[in-house]
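Both complexes shown next keep chain A, but they swap its partner, so chain B is in the first and chain C is in the second.
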Partner chain A sequence: MSFVSFTFLAFLAAVFLLYYLIPKRFQWMLLLAASLVFYAFAGPTYLIYMAVTILSTWGAAYAMDRVWTRQDEYLKDNKELSREDKKAYKAAQKKKARLFLALCLILNLGILAVIKYTGFVLQNINNIFGTQIRILRFALPLGISFYMFQSLGYVIDVYRRKYPAEKNLAKCALFTSFFPQLIQGPISRFDYLSRTLYGQHDFDGRQFAFGFWRVLWGFFKKLVIADRLAPVVVTLTGKAENYPGVFVLGTILFYGLQIYGDFTGGIDITIGVAQMLGIKVTENFDRPFFSKNIAEYWRRWHITMGTWFKDYIFYPLSVSQGMIKLSKWSREKLGPQIGKRLPVYISTILVWLATGIWHGAAWHFIVWGLLNCVVILISQELAPLYRRFHERFAFSNTRAWDVFQVFRTFWLMGMIRVLDVYKDVPTTFKMLGTIFTTPNWGKLFDGSFLKLGISGADYLVVLFGTLVMFFVSLAKGKGDVREMLAEKPAVPRYICIWLLLAAVLVFGAYGIGYDAAQFIYNQF
Partner chain B sequence: MEKLLEILQELHPDVDYDSCESLINDKILDSFDIITIITQINTEFDVAVPASEIIPENFNSAKALWALVERLLDD
Partner chain C sequence: MKKKVFKIILLAAIVIATLGLLQALLVPKYIEENEEGVLAGEYYANAGSNDVLFVGDCEVYSNFSPITLWQEYGITSIIRGTPSQTIWQSYYMIEDTLRYETPKVVVYNVFSMQYDKPQSEAYNRLALDGMKWSKVKYNAIKASMTDEETVTSYVFPLLRFHSRWSELRGEDFKYMFRSLQLSHNGYVMRVDTKPVTELPQPVPRADYSFSETDWYWLNKMKDLCTAKGIKLVLIKSGSCYPHWFDEWDKQIVDYAEKNKLTYINFLQHQSETGIDYTKDTFDAGLHLNLSGAEKSSRWFGTFLKDMPGVTDRRDDKGLTNLWNAKIDFYEAMKASQYKQLEETGKVTSYR
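On to the complex of A and B.
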């Protein structure tokens, strides 16, 4: 069931109605039932995969929690134990907990690896060794990478004793399956989401209205901007050779706007729907297109994925015993500078490799991840140079320079991002090369851009939508735009809301053959 | 504590570690610095800082970091 469908709107209406009518203590159970119905629409068999994740994460967390509870009780009852004995006891308990964690990780990541990556691996084996192994391809359950990573984060946190395990299986199931965030995140943390997910919520008119406005804003970004630009991106990348030079710049710009509208719009709908239910979901974006460098961009785009990889892969890897030994060894043999960098650089490369692979089983995702990594590491190495540059040249501390940096980051990130949409990696690089070899600037003015699948009126709608989005983003820098709107008198406030609704209804991209149902990030 | 201050000074000599209590919140220390500090702590104090302890509260000031080292030494 796509967010952009009448079925979803009817489903939401039924959920809201029941949610605020039934006794409050049953609200979370209703959400669980609704989430399972929502997911069953994607394909009933997908529920089996989800059930495995729910049962295994609940079981592992429960078992680890028992280990920790028993440890605490034992140490409390045996205070006379020597420090060494306590240490040995704790190490033995940790080993037990680690076994449960390892089994859970292996099972879940194993399933993910088999269904998501088998085809890719076999295809590459055939290509490299000239074999004819039959390519097995599995249907990828919707949003599996999102709900699985969220659940694994929970299990790892319980292992780390960040919080106790949730004993109630049904509550655990709701954490994994909560429908607004099921198919494209954010990747929530249990300690944050559970504060409101299982609570009892009275109907709060203000929160409901704020949530609704956010949903409407999400639909605006998705339907007015992203989906209206979708045909142009398909045309420009479908027969890429026909669209070199300035058209590639068009692809970078249009795909950047499309994915921003699509993904942030989808997350707005998620957070808005949750807010209408009285539930707080973590923010996933912080005006990423205002970033001044790629490292900053990644702190502001898909934040929950970035922090997940940082907390559960980058740090554990960087401070693992193997990496510490490597660092010590390289400090002694290769000098302090290399010794300092080596563990961080190796971990960074591996994390970006994992990030690329997480996005999909294809070489372009892997290259995309590694390119991001290369730019970030180069920036890190050049940091002292930048500092000297800022000290030396006064203009580098001006507003104009900030704007230049934002502009530069948008285009640099855009050049890496189009690896998503061209058919393969060589084509992407070839097309990027044409920006310099055959720019064809004249194509900007001879009407060529009006033959890409959308009309001049469509471009005007996109321009209008982008300007609205830009000014709203600017305003967000000063605080919550909805709070500002709520402070306005009723007439201008309602005019704004009705205009937004009218824009979604009038300018939204609807029609036969229109593929609004698919959000780009659903495929991950 | 002195050894710890030496490690920190080496990374950012311009920071006043006696008074600064927002090393992470003010983005003075980045992930590269954190890993370097952990490696150095391991070398100097023979203490392994687990990933679960890499939270802002433990790295926001030299004092908090020293408290972490002492706690891990005690464990």
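On to the complex of A and C.
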């Protein structure tokens, strides 16, 4: 059930109505039922995969929780134990807990690896060794990377004793399957989401209206901007060799706007729907296109994925026994400068490799991840140079320089991002090269851009939509735009909302004649 | 609390009204393009006293003139034809008509028996958008939808036609709340002539059998008419292209015989109707022009006037006044089209 379908809107209406009509203590149960129905729409068999994740994470967390509870009770009852005995006992318990954690991780990541990466691995084996192994491809359950990582984060947190396990299997199932965030995240943390997910909610007109506005804003970004640009991006990248130079710049710009509208729009719908239910979902973006460098961009784009990799891969890897040993060895053998950096760099590279692989089983995702990593590491290395530059040149501390940095980051990130849309890595680099070798600036003015699948009027809509998005983003820097809107008198406030609604209904690229694009992040 | 509820209702009313305006602006007006789009909606202004109902595709709305039937025989008739109307749409046109009047005779043009699947979204729109909302319309939509269509987009046409914002013209503003009459009780007039010179060779089919779906709807149509005491008459109208195969004809003949229905294939009565395909068609045989439609109607009237319940109603003063107004409009359009023909050599506008 796509967010941009009448079925989803009807489904939402039914959920809202029932949610606020039934006794409040049953609200979370209704959400669970709705989430399972929502997921079953994608394919009932996918529910089996989800059930495995739910049962295994619930079971592992429950078992670990019992280990920790028993440990606490034992230590409380045996205060006379020596420090060494306590330490030994704790180590034994930790080993037990780690076993449950490992089993859960192996089972889930194993499933993910098999269904998502088998084809890719076999294909590469065939390519490298010239073998003829039959390529197995599995249907990828909707949002599996999102709900699985969210659930595994929960299990790891329980292992780390960040919070106790959720004993109720049904509540655990709701955490994994909560329908607004199933399609493309965000990857929520249990301690944050559970605060409101299982709560009892009275109808709050203000929160409901705020949620609705956010949903509307999400539809605007998705339907008016992203989906309107989709045919252009498909044309420009489908027969890429026909569209060199200035068209590649067009691809960078249009795909940047498309994925921004698509992904942030989808998340707006998610957060808005949750808010209409009285549930708080973590923000996933913080005006990423205003970032001044790639590292900052990644702190502001798909925030929950970035923090997940940081908390559950980067930090554990950085402080692992192996890394500590490596650090020690490299400091001795390679000197303090390199010795200090080597473990951090290796962890960073591994994290970006994992990020690339998480996005999909294809080389372009891996190269995409590593390219991001290279740019970030180079920036990190050049940081002292930048500092000196800023000290030396006064203009580098001006507003204009900030704008330049934002502009530069957008285009640099855009060049990396187009790896997603060209058919393979060599094509991407070849096409990027044409920006310099055959720019064909004349194509900007001879009407060529009007032959890419959308009309001049469509470009105007995109321009108008982008400007609205830009000014709203600017305003967001000063606080919640909806709060600002709520403070306005009723007439201008409702006119704004009506205009937004009308813009979605009239200018949205949906229905017959438009091949309503699936949310891009669905695939990951 | 009362104030709050009032505020919400007022707000909802404003939103609905303004979106309604937006919808009225964006839906196609069928004034200068696809004029046949108004046909389905024009029925309701002419409903109430018709003894004969024609249903089917363009072969009925181009080939028969209710005005001639009135003028010659005092028969009140109406055509509910739409482009490429499918048999299930014809069935629902009859059901819909029964909500307003009960004709004595229903005439169904069997040419659409060859289609057992929805033809296109555009044809569905032309047939269904003009129908007034009722359970019948809902069922007609459900039966007609192509895979890409949704019922919601029929309930809220704005969702279907929203993208017309970039092609809005003066007529979209001018005809937001009214339309221009096109037909004469469902008949679409064309006075120009394009003779049949050579008919394309028909493409042989692997299988000439009408599908189960078509028989299902034809049986349903027959049963409905029987239940309402209506005589069902099957016809193959006088268009000579696209080709009507003998194999198809035989199936209809057999069906009519088996079910004691009248079936008239106008193509086999050319000498009686007097149709001359060098003069009586405006598009080389696909549809008849005014002269052809009047000839067809004149001949068909001799049959219809003897049908049970069909009477000469020219004695009814009220009806005569009503039909006189229709005749005036008919003559005015005829004059207008002949004038266009004289001035430009072609008919550029119906009105």
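Everything that follows uses one rule, which is that the second predicted complex is superposed on the first by the 519 of 524 C-alpha atoms of A that agree within 3 Å, B and C clash if a C-alpha of one lies under 4 Å from a C-alpha of the other, contacts with A are read in each partner's own complex, and residues count from 1 in each chain.
What we mean here is this: a contact is a pair of C-beta atoms (placed from the backbone, for glycine too) under 8 Å apart; a residue touches a chain by one contact, two chains touch by 3 or more.
Just so we're clear, the structure is a prediction, and the values are computed from it rather than from any experiment.
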_Partner chain(s) touched by A:Asn108 [first = chain B, second = chain C, both, neither]_ = neither
*After lining up the shared chain so the two structures overlap, which partner does A:Tyr315 touch, if you call chain B first and chain C second: first, second, both or neither?*
first
*State whether A:Gln275 touches chain B only (first), chain C only (second), both chains, or neither.*
neither
*asked:* By the touch definition at the top of the document, which applies to A:Lys340: first (chain B), second (chain C), both, or neither?
replied: first
*Which holds for A:Gly508: it touches chain B only (first), chain C only (second), both, or neither?*
second
*Look at the residues of chain A and decide whether chain B or chain C touches more of them.*
B
*Touched partner set for A:Lys328, first chain B, second chain C, both or neither*: first
*asked:* Contacts for A:Ser35 in the overlay, against chain B (first) and chain C (second): which applies, first, second, both or neither?
replied: neither
*asked:* Looking at the complex, which residues from chain A come into contact with chain B?
replied: 87, 90, 160-162, 310-311, 314-316, 318-319, 321, 324, 327-328, 339-341, 343-344, 347, 380
*Touching residues (chain side chain C, partner chain A) in the complex*: 11, 14-15, 18-19, 22, 26, 121, 148-150, 152-153, 158-160, 162-163, 165-166
*Okay, in this complex, where on chain A does chain C touch?*
6, 455, 457-458, 494, 498, 501-502, 505-514
*chain A-touching residues of chain B, taken from the complex the two chains share*: 31-32, 34-36, 38-39, 42-43, 48-52, 54, 75
